[in-house]
Amino acid sequence: MPPIADLISWVMICAGSFFLVVGAIGLVRMPDVFTRMHAVSVAETLGVGLLLGGLMIQAGLTLVTFKLALLFFLIFFTSPVASHSIARAAMADGVKPILSGPEIDARTGRLLPAGEKDPKIVTPIDAGEAESSASVLVSGGYRDEDDKEGPKNV
Amino acid sequence: MFIVAMIAVLIALALAVFRALAGPNVFDRVLAANFIGVLAILLLAVLGFLNGRPEFLDVGLVYAFLNIVGTYAVLKFFRYGALGGEAPPEEALDERKGASGVHEI
Amino acid sequence: MLGFETILAVTIAIPFIGAFAIAACGRIPNLREAVTLTTALLLFFSVFNVYDYFQGGLSPTAGPFEVLPGLDIAFAVEPLGMMFAIIASGLWIINSIYSIGYMRGNNEPRQTTFYVCFAISIFGVMGIAFAANLFTFFLFYEILSLATYPLVTHKQNQDAKIGGRIYIGILLGTSMFLMLPAIIWTASLAGTLDFAEGGILAGKASPEVLTVLTVLFMFGVGKAALMPIHFWLPAAMVAPTPVSALLHAVAVVKAGVFAVVKILVYVFGIDLLNETGAADWLLYAAGFTVIAASLVALRQDNLKKRLAYSTVSQLSYVILAAAILTPISIAGAALHIAAHAISKITLFFAAGSIYTAAHKTEISQLGGIGRRMPWTMTAFAIGAFSMIGVPPTAGFLGKWFMLSAAMTIEQWFAVGVIVLSTLLNTAYFLPIVYKAFMGKEEEHHDDGHHEDHGEAPLPIVMALTATAAGAVLLFLFPNLFFDLASQLAGL
Amino acid sequence: MRLDVILRIITKLLLPFMLMFALFVHFHGDFSPGGGFQAGVIIAAAVVFHALVFGLYPTQKIVPMWFAELLMPLGVAIYTGVGFLTMALGENFLGYNVLYFDPKYAQERGVIWIEVGILTTVSGTMISIFYAFAGRGRQK
Amino acid sequence: MLHSPVRFVVLSLLLYAVWLLLSGVYIPRLLIKGAVICVVVAYVVDRVRLLDNEGLPLELLPRAVLYWSWLALEIVKSALNVTRIIISPSLPISPTVIVFRPSQKTDVGLATHGNSITLTPGTITTGISKSRNTIEVHAIERDGAAGCVDSAMDRQVSNFERPLVGKGE
Amino acid sequence: MAAGPVEVGSFNFMDQLPALQVALPMFAATLAAVVRKGNIAWLIALMTSLSMPIIAVLLLHQTFEQGVISYEMGGWEPPIGIEYRVDTANAYVLVIISIIAAIVMPYAKRVVEADIPAEHQSYYYTMYLMCLCGLLGITITGDAFNAFVFLEISSLSTYAMIAMGRDRRALMAAYQYLIMGTVGATLYVIGVGLLYAMTGTLNFNDLSGRIADLGPQRPVLAALAFITVGLSLKIALFPLHKWLPNSYAYAPSMATVFLAATATKVAIYLLVRVYFTIYGPADIVASHDVDTLVLILSLAAMFVASFVACFQLNVERMLAFSSVAQIGYITLGISFASQTGLTGGLVHLVNHAFMKGALFMATGALMLRAGSVKLDDLAGIARKMPITMAAFVLAGLSLIGVPGTVGFVSKWYLASASFEAGQGWLAFAIMLSSLIAVIYIGRVVEVVYFREPSPAVERITKEVPVSMLLPMWLMVVACFYFGINADLTANTAASAADVFLSAIGNASTGGE
Amino acid sequence: MLEDIVNYYNYFITLFLMSAGLYIVVARGNMVKKLVGLGLFQTSVYLLYLSPGKILGGTPPILGEGFTVFANPLPHVLILTAIVVGVATLALGLALVVRINEAFGTIEETEIFENGSEVDPPEPDNKAGGL
């Protein structure tokens, strides 16, 4: 193996390792399940990609490389599915995301001035968050009714 | 060098295990568990290199398939209190019926 | 006449097969009892057959049947066992006759079970009598214990349950916890369990170990009722009278003292015990039991209980005699086994006779009963005299041998015990006889039902007359037992 | 889940590869023994995945309950059947040498049939278990 | 017989390619075995109707390469951003949820968009509604949330899905 | 393995016995699962069970004639391939299990019809056959990991069988057994894993030599500890016996009989195999006082469990506690590690199987007629079911160990071993604990014979059918026959003990 | 030190999983959680068998002649087998819990024992049944 390839692979492996650990630290540091997901996605994209890429270079053009590639694609395609499913399930289960910042008009996506609120949007969440300093912007009336019916057995 | 990767994976694993144990809710745990699964796959890959045992990669591939099925199963269980039962009404009422992939042979 | 080779096995098997035959005839009482009697007669005949061979210088054996490597069931004849077999088989005939009268007279339930268990008990006795080694002896010892349990608990009421618990608990407990380890210990020390002249333990164990072994054996043989493990005997008084007779005369306690003598003579050996002093304690334990049991007997108003404590006392007589450890005393022990058997069975038959005819159980109720039941009370008197040791009754013989042996070796403790206990015997038996013949009948009865009772049913009277006569005949014609006792003691 | 587009599409993409991979693991001669188990698990996982995403009912139309239950003893029967076959041919139980003139391939052939048995039992068991649970949870 | 013959053939070939790459042993026996297995799997998949334009969007294959390389770059950029946030001692997050209307016309397009958002660290698709044509996103930063509306990604995906528009819906 | 073309030979029954011993019940299980008819499944199970003793006895005979039989599975040579290794020791255990199975099956039909709904009977017999296969497999295999697999096969089917008991407490019993049993099996396999990591082999015989070379290193000792604790759980060695009483009491009657007579025995065999064959050459068990520990636990079992048995209101639970105590006898014998002691322990394997088999068959019969085995519900039942109760009493006498019964033979060996080892006091402990059996058997006797029958008992009109009485009495007769003529059992057990003891301190025997 | 940790990592993890699993089995009253703990406990085994043969200084296995076709298959097979066993155990355990829940109305061990599982149920309900 050319030394330069070797070097690149080691750099990739180290960088991948770094992002894995960063993701894991984020998983511990972040305040709620949604923000934790973001942290994990760092590890599952960059971390996994770099680490497996580095290993692939180490393996050279062999069967192992292809298996590693397959592994990469599997993780790459399935981890968003997992994140998405977890997020949806958490939302449906009534887990309230910790939110901050001013509200955004749901239909235009335009930022509203602080304290102002789109009056046409009825948010099921902000009723319970009245005292919270975090302002809520969501998704009001059009979340599917049946999504909220899931039994709360957590 | 593989050892560096391995230690990184193990540290990440430890942190993920902490989150899995600490929760606080089931979605945190599922998230952590899914991540642990990914880390396990990586660990297998790295170990395969470290020990010169490429067959660990096959185990990794199997694990990758199972990880996603497992995660989804757990989520579905906690969402509906059942893994399948009859198809939940949400699916039956899908406005795009016919295109949902549900067919009879 | 059966062959020499098979006679012993057949003899032992007769009561066992008889038990099955009795069970098979359970539906027809007359046939069942005919079978019982036939079996008893066959057995007696067969035992005498063995005796003939034995006295002819041949020694019939059976076995060995190997149970385990080094553990055999084997049978052989020796004088003491021969004597025991003759007593037991002879008394079984009489006891069977008595039982028929008693069980029918009292309308007892479960009579088939009764006769079957009785036959199995006799089977146990035959095994014990002819056992050629400790294991065989132990096997049949336990068969006897277990087969008598249903007899003791025959009434199946609360008292029977409690009495049965004590009975089986003590007998199984002592034999399993003390005697069985002693047997196994002996096996590991001596490498054999065969009864042998001069014993098998000589040179195999230290005096300390021997002492421990004697303790284990002597208390392990719970049937010998050495104090303080005697109380199963009074507890077993809940049983019907024929069973009491079986326990006190025919089988159980006899098996106990028989075992004591046999173990001392054939396992330890008299010489070894004399050398090492391993059984010295036994003399004092037995002496204490003799006196203490007599004192307790003195205080009993219940007739059967008084007889029971008398038995405890008399058994220790035998043990005391054996513990003197001289040939003459051993012969005396053997003779006393026979004498006590015939005498005590008479006394129990009499007690049962009184119960059957008058439903009386307490001594204080017996005033004047001798006038209503002259046969019964005469027999009772003969039995009592024999127990005290008054000639011309059988009891005199054994006591005479014991006393002379003790005096010969200047064993004054034994002499004292024998003399004192004779006085005590007199004190607890004579008043009964006196009261029965000279006392006044009680004025008032709660139930007028038995007021006009006479003698007990004929089979009962026949049986007790026969045994009373036996007690006298044994004194007059002691040759049979005398010979065997002499052979045992090597005189 | 209503309109779970992402999941549905990924599932459709994934399932063929899962099945292929299962059979690859199983039939690829170079694979060490144990492939049957992995393959069985993956096949069962594919069925489970299908049921999770598209619902139990459609899945049971493809793989009925009775069929899954039959697979369990069937697999064991295949396993022991191969053993009995080798025995009938004069070898030891599962001594594959008699299955082909070349012992090397004979062994491979034997292993693969054994693994077919394992695959059958494992997938049958897993699917049956899933069906048993998936069918229950809701009833209160 | 076959519900979708073209896709069946393509899937068979695709599977077989993967088989060959996995295998590494190229002897006739195994090659034949692999071919048979891949065809059988493709047939089964076709029979159970998993083989449609969602399951195997053939039309997109050329554009996919282009799109994924663009996305990879996006992922790296956002990942570095999130990394910065995680390792900052102050943890400067401003979590935000936003709902917006994407411009995609097909399910595959919508899924790709949602998947891409999720793949990009810092944003997660928490819901997609075809009927209302909305995507709900949770972002770790306010800017990230705002950036989803009428984004470059939206345009890229719409471009990517173009061959499917108006077909087989 | 031969190189080059292999000729197709012909089937030789005598050479294939080891495989048939395990494969037949496994195959029969699949048949039973498929037929779905209780009667046919029973017939399959019966035929299989009846054929098992034939194979086992032939194997035992072969070990006497030819010594050790090594049977390679899957055409791979040991130690890589799995080896079935039959010597006199495990052939002896095979004979015990298969004979019990053969006696139990005729008995099973009526009780299973009463306990298990018709639609589940074939499933039940499937589980029974799997259990039988597992038990035989544990015994026959020469591979530590393979033993684990069979252990789990038998355990899983056991949990399923217990769960099918007639009331809901059976479910809890099965669950708790599942937890304990799995922990035990896992500990065992962890220990095996440590040994594997140390030696790279799983073959008992191979391990034997390797461990002798390694000596008492820490991982080797850790493995010993794991295996001891793990198997003690399966054995139900005091104080790890908590799962046993409920499992036996609430399982379907036939499962109770079969399990009580066989299941723990096999685990004991495995422990002995590990102690003597694997650890024997290095003499690690005795030099690290494991034997003393086993001795103490055995004594505790003999007394505590017997004592607890005296207070049970349910006869099956009472007998279950008695089993825990009896297991103590067996392990006590093993702890002596002497010819006499080990023979005593091993002979008690078969002896206890006979007496507990008979006792549980009797309680199963009582259950069938009276619908309960609670002591109070059995008052006076001896009048209605005299044959069953007579069997119970006679088997009970054997449990007490009166001479002339198998129980006595066991005690004889154990007590003799105590004196040989200079530990005479143990003989007294053995006798004392066996006397506790007098109390609990006596309690039953007093209730069933002396008490007046309750109305429920009065309604019983007949004894159980001959198909149940015959197997029950066969067991009882065995209790007495092998108590009077113990040559067969004792000599075989002694030969088995020889097999184990030949390994002790003899490093050269391992790894042929 | 580091090398030790690396060399023996699987033993540390094994130990951790074992203790964690056992703790859950012992400490939890919820039967499902107990099963989860049991699963964790069993997982420790897989790691143990993953360890290469030489780690503790033992001797490597002797491969007989004629093993050209298959590499030493043991650890692989062993772990898979252990997994099968684990899965089967877990499945059976869960099936039992489901039925316990149906029979007792709870899956808390303490509640079941408090409500007197020792007392006979009113009638022989729940007449057996497959899982």
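Labels for the chains are A, B, C, D, E, F and G, by order of writing; each one numbers its residues from 1.
We adopt the following convention: contacts are C-beta pairs under 8 Å (C-beta built on N, C-alpha and C of every residue); 3 or more make two chains touch, one makes a residue touch a chain.
Not measured: the values here are computed from a predicted model.
K.L.:
Could you name all chains that are in contact with chain A and with chain F at the same time?
P.N.:
Correct list: D.
K.L.:
Using the touch rule from the top, work out which pair, A-B or C-F, shares more C-beta pairs.
P.N.:
By the number of C-beta pairs in contact, the winner is A-B.
K.L.:
From chain C, which chain is the farthest off, judged by mean CA positions?
P.N.:
Between chain C and the rest, the longest centre separation is with E.
K.L.:
With chain centres defined as C-alpha means, what is the inter-centre distance between chain D and chain E in Å?
P.N.:
Chain centres of chain D and chain E, defined by C-alpha means, are spaced 29 Å apart.
K.L.:
For chain F and chain G, let me know how many angstrom lie between their CA-based centres, rounded off.
P.N.:
From the centre of chain F to the centre of chain G is 24 Å.
K.L.:
Please compute the C-alpha centroid of chain A, do the same for chain E, then give the distance between them in whole Å.
P.N.:
Those two chain centres are 16 Å apart.
K.L.:
Between chain B and chain G, tell me the centre distance in angstrom, where each centre is the average of that chain's C-alpha atoms.
P.N.:
Centre separation, chain B to chain G: 20 Å.
K.L.:
Would you pick out the residues of chain E that each touch at least 2 other chains?
P.N.:
Only 18, 22-24, 48, 50, 52, 54-55, 107, 114-115, 118, 125, 129-131 qualify.
K.L.:
Quick one: which residues in chain B touch 2 or more of the other chains?
P.N.:
In chain B, residues 7, 55, 58, 61, 65, 68, 72, 79-81, 90, 93, 95-96, 101, 103, 105 touch at least two other chains, as defined above.
K.L.:
Out of chain C, which residues touch more than one other chain, so two or more?
P.N.:
In chain C, nothing touches at least two other chains.
K.L.:
Across the complex, what residues on chain C touch chain F?
P.N.:
Going by the criterion above, the answer is residues 65-69, 71, 73, 135, 138-139, 142-143, 146, 153, 156-157, 160-161, 164-165, 168-169, 172-173, 176-177, 180-181, 184-185, 187-188.
K.L.:
Which residues of chain E touch chain A in their complex?
P.N.:
It is residues 18, 21-24, 75-76, 79-80, 82-83, 85-87, 91, 93-101, 114-115, 118-127, 129, 132, 134, 136, 138, 140, 142, 145-146, 148-150 of chain E that touch chain A.
K.L.:
State the interface residues of chain D toward chain F in the complex, per the touch definition above.
P.N.:
Spelled out, the residues of chain D in touch with chain F are 70, 72-74, 76-77, 79-81, 83-84, 87-98, 101-103, 106-107, 110-111, 114.
K.L.:
Please name which positions on chain D make contact with chain A in the complex.
P.N.:
Chain D reaches chain A through residues 1-2, 4, 6-7, 10, 13-14.
K.L.:
Enumerate the contact residues on chain D facing chain B in the complex.
P.N.:
Counting only chain D, the residues touching chain B are 1-3, 7-8, 11-12, 14, 18, 21, 25, 31-32, 38, 41-42, 45, 48-49, 51-59, 61-62, 130-131, 133-138.
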